[in-house]
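Before anything else, here is the set of structures, which you'll find just below.
You will see two complexes here that share subunit A, one where it goes with subunit B and one where it goes with subunit C.
And then the complex of A and B:
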């Protein structure tokens, strides 16, 4: 069985744990629990007629890459950057994280999730800014851990890209 | 330490100790806790092996093996991680690698409920931070919320000012009512004039109080379309009415021309007026009862004093006349009404002890023998003994005991001197001497008021209090005071 490690990266409270929970257990809870240290989860998925075990590292959200333990990322095959649609600062943060990670982990695939799309009245990040990222080559998904919007699709995309490597 | 105790202790602390053998295989040194099997393959009875997965422990073991290999001192920490167990439960772990006596030791720690609670506290703090961050995301948001907050603060401040006005008004009225009420008429006038101050637009407010068949109004009172009113009741009986008017239409609030709190204010004042009328009525009744009781008391004391006259007709009226003189002296000395009253009551019964003196001694004409005089002298002690059993609020018994004491200590029964003798007594002594000399006695005719005044003047400061003597002389010589027959 193929096993791949992926890391969830992003500011605190952007919804990384909720996205994992939605993906692994198809559950969403309004109760917000801060992730302490690293939370490890697993999900077996079928992809291109292969069984793939995703070992998902949900890393506690901080506001800068320097605060993430460097060894956490060792052995990862892909990573998911998560930003909060209602907080522009979280998008700026994941872009910075990406710049730093990409310097060490060349060619490791990643996707960018613009989460909390369900909070329509509170959107802060401009749609035009997201479109521009897509235009610049980012793999961007507008997701909602609450409704499940594009969550499966985002993990599937990352898994596909990891298998292509 | 005994190995058995060591392993049990580690188990109780939620810890496990393992020794690395090779290729992520370990010998278990501590108890074999259930949670260990979640992290390792259970290889045999004494050893476990990590499944070489991409999990957190596997990641850490890469660094740990390098640490052991290099033979470094100290320890290498993994940091905390949580892992979803096959049961769905989330458990927190921490690991550390140690080189101890060339042995490669791995310590694993499972965190329990206390750790979870600590995390929940941290969670709450972060939630608050997030809420704040969400509220004021941009400067623009800050401005927007600032203006909303400012408007809300202004609105609440304005509301608060109104409440303060109403409370001040109610407080002032309550104070008026709390004072001793001398006149309801004055109280009503004051209350009516205070009412406008409790309203939003005091200059435009008039008030009218109809009570006790009288009408009290502010100068600007008139009947207008903008009025509120409330009735004043005592024991469910309507005794009056309080009305407030706006003399012109003011700014109408959402609740109408008058604020709900202003209606409440009128109701509160009406309720207090009802209570004050009740209290005043009770106060009046109490005052009347007190006056009746006082009169009854003095009548009783007077009746008590007249008992003596049955035995001794020569002293008939003596006590009453002494009481009158003593009262007049006390007034002349500017004593209080209460002190004057005490002096008068003591005078009325000061010789009550003579009830124990045989009637023939009291009434017999001619001079008394020494023995008879000694018997007479016992009357002040007997008087005291009779009166001390009565719960007077004043020192009546003591005054009676002392009324034959003299300033220089030559009196009886205790030969008291100067200030040892009560002022009431010093007044009574002078009054007693003057009355006795100016009246007819069984053993002699009256000596006249002039001789009586001469006697007290001659002994002024010696036997008698000089101030009392002066007051007494002024009464008779300058103010025309006369003894009644």
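And then the complex of A and C:
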């Protein structure tokens, strides 16, 4: 059994905890619980004929990397950046977080989740901006913790990239 | 003209070089001889082996007195040799250990009988004594099992769980727990403990070499031992003796030494750390108040081997108590009525 530590990063209230909850327990609670510090979850998955335990560190969303406890990221094998489709500022923030994290943790795989795709009437982030990121080599997934859209796929993708390393 | 001066300079330099060599030989000849002798000794495996053979026994004695690292290093080789020997000729080893098999079996049976008698004695004491009744009522009142209640009143300490954690990732390398302990998910507990340590270090700007060593929660204490690449977190109920901490430190040091390579290249696979489980199980100890009264050393604690009693059994005993109490009340009332 292989174990890997992954971290969830992103601004406040982008849906990190809900995405984890959706992935881990396959349910979604409408009640949002603000993450204080860090929350640990675990999911065992089968990938490439081997059992993989993902220990997920859901790190409190702050507006910038420096507010995040940097030591929480130590030893991670991959990370998930989460932005809110209804708030463009959250995308700018994860791009900044990614730049800072990549300087410290070289070659650690990551995926970007554009969350809250179910709130179609409130979309703020331009589709062209997301397409540009994909074009630049980012692994982008349009997700919804509420409907479960692409959540499993995003985690699977990160897991397989971690195993490739 | 230039050619002539160059030739003269060349001759002078050769002459100087010869003089320098002669001087070097005069001054450094004994040292050079010693160096060449030393080189010869170092290059010749036969001489090296002879020299090593003169000090090896003494070196082993000295190192064995210092720590267990020599034994740990030799263990895999010795195990392999024994395995090969048994494979080649099992009779040889069987003959060798034959004289100790009989006494070992007798001792084991005697030990089991002693434990059984002790357990029966405890059961009778706890079931029929006034203290036992009090504990049963308490267990009924608090909703805790009778075994838990007894344990609470008789225990000095009990090592309930040990987590061996990879320091950098917070992933669990090994986890052992005493029987009848309600175990939460070891992976998550391990990660959470790591997060708590990180949080404390970050929040209070602790120095590089300082670390969280204790966590106290009511009856529970968590001892945290830090190695360079691993952390040993021990969950203890009660008041453990300080010597136990030394034992844990030694075990952590041995793990760091023995699994040096595995820790170096750790990529999430905990299976190479499976062999250290017996060492961790060895630390799952407990000491009861009766052990102290009977002067049994707390530092040499008792190995936990207890089974959780069935709740149904407890209810039956409680029912018997109530029935007995009712009978006594009826007899007393009957007696009073007959007198009146």
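We take it that the second predicted complex is superposed on the first by the 165 of 165 C-alpha atoms of A that agree within 3 Å, B and C clash if a C-alpha of one lies under 4 Å from a C-alpha of the other, contacts with A are read in each partner's own complex, and residues count from 1 in each chain.
Convention: a residue touches a chain if its C-beta (ideal position, glycine included) is under 8 Å from a C-beta of that chain, and two chains touch if they have at least 3 such contacts.
Only a predicted model underlies this, so the values are computations on that prediction, with no experimental measurement involved.
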Open item on the list: Quick check on the superposition: with subunit A as the shared anchor, is it clash or fit for subunit B versus subunit C?
Closed with: clash
Open item on the list: With both structures fitted on chain A, tell me whether subunit B or subunit C touches more of subunit A's residues.
Closed with: B
Open item on the list: Quick check on the superposed pair: does A:5 touch subunit B, subunit C, both, or neither? Answer first, second, both or neither.
Closed with: both
TODO: Give one of first, second, both or neither to describe whether A:75 is in contact with subunit B, with subunit C, with both, or with none.
DONE: both
Open item on the list: Contact-wise, after the overlay, does A:37 reach subunit B, subunit C, both or neither (first, second, both, neither)?
Closed with: both
Open item on the list: With both complexes overlaid on chain A, does A:55 touch subunit B (first), subunit C (second), both or neither?
Closed with: both
TODO: Classify the contacts of A:87 with the two partner chains as first (subunit B alone), second (subunit C alone), both, or neither.
DONE: first
Open item on the list: To test your reading of the overlay: subunit C has the stretches 44-52, 80-88, 188-196 or 314-322, and exactly one clashes with subunit B. Name it.
Closed with: 188-196
Open item on the list: Quick check on the output: what are the common subunit A residues between the subunit B footprint and the subunit C footprint?
Closed with: 3-5, 37-38, 40-42, 55, 57, 69, 71-72, 74-75
Open item on the list: Quick check on the complex: what are the subunit C residues that touch subunit A?
Closed with: 166, 168-172, 185, 187-188, 191-192, 195, 198-199, 201-202, 267-271
Task: List of subunit A residues in touch with subunit B within their complex - done: 3-5, 12-13, 32-42, 55, 57, 69, 71-72, 74-75, 86-89, 122, 124
Task: subunit C contact footprint on subunit A (complex, rising order) - done: 1-5, 37-38, 40-42, 53, 55, 57, 69-72, 74-77
TODO: Quick one: which bits of subunit B touch subunit A in the complex? Just the residue numbers, please.
DONE: 53-56, 59-60, 62-63, 79-84, 90, 92, 119, 122-123, 126-127, 130, 133-134, 137-138
